[in-house]
């Protein structure tokens, strides 16, 4: 659940995937969504993004006071990192370190530190259910810098792997996705996979953050550690929802805080 | 010239391009040449090298007590970074920072710092004669970390650009290349471009290091700042020459020291 | 100039660069612009486009009755093929053949032939003024299939190289660009580089097609072989202009015909 | 089994993966192995090979009288196409067509036709057991040219998919691999996976070609359609075995013939 502070207020981080433009190709409404989030997951050039886009994205995030994290993915630009690839733990570790390092340089050039790492796409999904892969990723990060926070699927292998590797773990929840009784997401394409009603979505997030529970598709109340909420920024509708969600959280006394602040 | 110490001894760095294998493709006798050098220029995955190779190369360098530097190149794997590309200063800056950062992560994972940056191939050659490009590169490095040393062609734009950017500059000389009266290298393919006699090559290096001069093709004695000597490691013959050169330098009282030590 | 037929009508081809989307990134209004052109230059995956996009673009062109050609570029996706690269004639030849072949497969799968090849971006610009490069490209195409038409800058090395290689050459002209007295384009950024008034642009094309001349920035009337007019399709405004230009040409008795038809 | 001709002789094809060098990286003893084989599987630039290497490989094959085929793989150069990727049938189809087309251009430039397609690495292994993937590949080939022969794992989905797509299917067998009772290969790492004794390997091939059976690890005699034998050419030992195997086949009255000849 969102961190409850001594004075009985709550805190949650809002994160979004940014810097996904590539060369002449633009993607995402980065400037707009940056006004509503506290942590930016910056693509690192393997599944999306390029060096100049990374530099620009870090600068933008700094201007908006948003913390930056690495969003490393598979080496699959044409597939946007969304296709499963069978890689070894050693490969996973090296791939994470490479991409994390690239972002570190751009962050340092702006006087920032990399706050967190959140794997992208298929690498996120695969490592959420594969402890070996999750551990390789977390150990790769920890070897570089133990102060970096691992952002992963709340309740998944991600959380345990981060802990084992000595990293702080931030549990990510989704406003627009259905949950199963075991705390995992309803697979896309199955009944109840998406929450389409915006008000319902906002209320679910409030419940996850303040009560630490989410109602699963079968009606079960499932405990969930909601440190950060995934925000989409790929279209005007998504950005409007981000604004709406943030306003609702704040009006309910939930402070929007980046992970570093939350875990301080 | 090589740094003369108070007690009248000399120092010089020996550097070599390493980590140029890629995936299943192997290139270079990295382990062998590491025994003879003091600074390793590690390919960063754009013109050669890959994430796992970088991790392995940094580990090997650490074991051998050799300092590591980034060897960034153009995004041109099939051309091995040897083909000219027209890129903007902003692109050059971002490309250097990306590749430098990637190596920083692997170095940090081994408890090392990145000692230096030496541009690769066409990026080296182009920036040696293009002050804007050289400045973009050096400013890119300085923005990330002012403690990093810039290794470039002795007497070229590289040295001035590094200075302007607030970086320490290490002048690189070549044992096997002819020089012109203005201190530049004789272009490949022109008479006197290569020094093929090994004894002559060794003596030229000794002269550059101890006297700070090199004899140009027209007989002129040209002043040269020889902080580091480029060592090849792509074949057994090259490795044997590296051993021979190092032995000659040491028997003449020249200490082999990496750049950090030299500039300390 | 546009081909004048026996019955005193004129013909010209309208071409546009298509299939420039890549993976999840979309670019260009391909479907819309296909309604107004007769020849499509299909990106071949090196500077833009990907295998699935190529397949889809060829299908779309077939549906609209538009001829397809290969639009090969430098291996520079992040630079969109717009950056100069120094490649050898042997490399140029192989690069063209590779990309042409890839498109041939998608064309064959739809029962089509590849009508033409038009180099993209920096490869177009460089080969327009470099006879060796232009020849390497044209000889590469001719070795694969002498029936393929080479589309290049009217009045440039392109035309002569195609002829020497035994290929038919289609001269491309631009509605929105200024010309110099020697028939070359006014470089971008120089006064008179762009023709911004749409009516002026339309009249210039009519004059090039029907009279075979264009007025240069200095007022000179320059002869020009206008076989095909470059049409942009990257924004609604460009597509609207394409429709306007086509309507003007047709109302002036100019038949829009693809290159194969024109050269038949 | 190998094709038995009317006059009671036998025929078999010997194939090898060639053209796997990339840029400055060299791999494989292509020239040497070409002396011993009848069909060359040419890498198409996605998992190995590059445009110039393809051109050179096709020329070499032509000089040696060896038929050429496309050897398409996953877009995974760093993994050499050996890592599983989850791709859709539409992607598989487009990927095969792209790579096949590229080779078609180089073949046409030498006056040759592409004889066959054999998927590479993980794409081979995955499609051997996944009928949907195998069909997508075979339909992709058939859409381009029904005369192309599909080379795949004898007894696998490959054979049936080729048939359904209207392609001729060539069954590939392995001299150095163990078979299971169901005709599949013993997975690498399991007992009996490799046949290390050269004389045993030669005899197994003779038996597969002349008798149409192979002895599985459990002693069962398994029927197998041995149209082509996989030959390795990555080291001197492998090349020597290729020569030995070919000599043994010929001395036993087996004619070495490429697939086109065999299926004529």
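A, B, C and D label the chains in the order they appear, each numbered from 1.
Following the convention adopted for this analysis, contacts are C-beta pairs under 8 Å (C-beta built on N, C-alpha and C of every residue); 3 or more make two chains touch, one makes a residue touch a chain.
These figures come from a predicted structure and were not determined experimentally.
Interface residue usage between chain A and chain C, two copies of one sequence, is largely shared: over half of the residue numbers at the contact are used by both copies.
For chain pairs C-D and B-C, the one joined by more C-beta pairs in contact is C-D. In the CA-based superposition of chain A onto chain B, the rotation angle is 180 degrees, rounded to steps of 5. Inter-chain spacing, taken between the CA centroids of chain C and chain D, is 40 Å. Averaging Cα coordinates per chain places chain B and chain C 44 Å apart. Residue positions 50, 78-79 of chain D each touch two or more of the other chains.
Of all residues in chain C, those touching chain B in their complex are 75-76, 78-79, 83-87, 122. Put simply, chain A touches chain C in their complex at residues 22-25, 27, 48, 50, 77-80.
Put simply, chain D touches chain C in their complex at residues 45, 50-52, 54-55, 90-91, 93-95, 97-106, 108-109, 140, 143-145.
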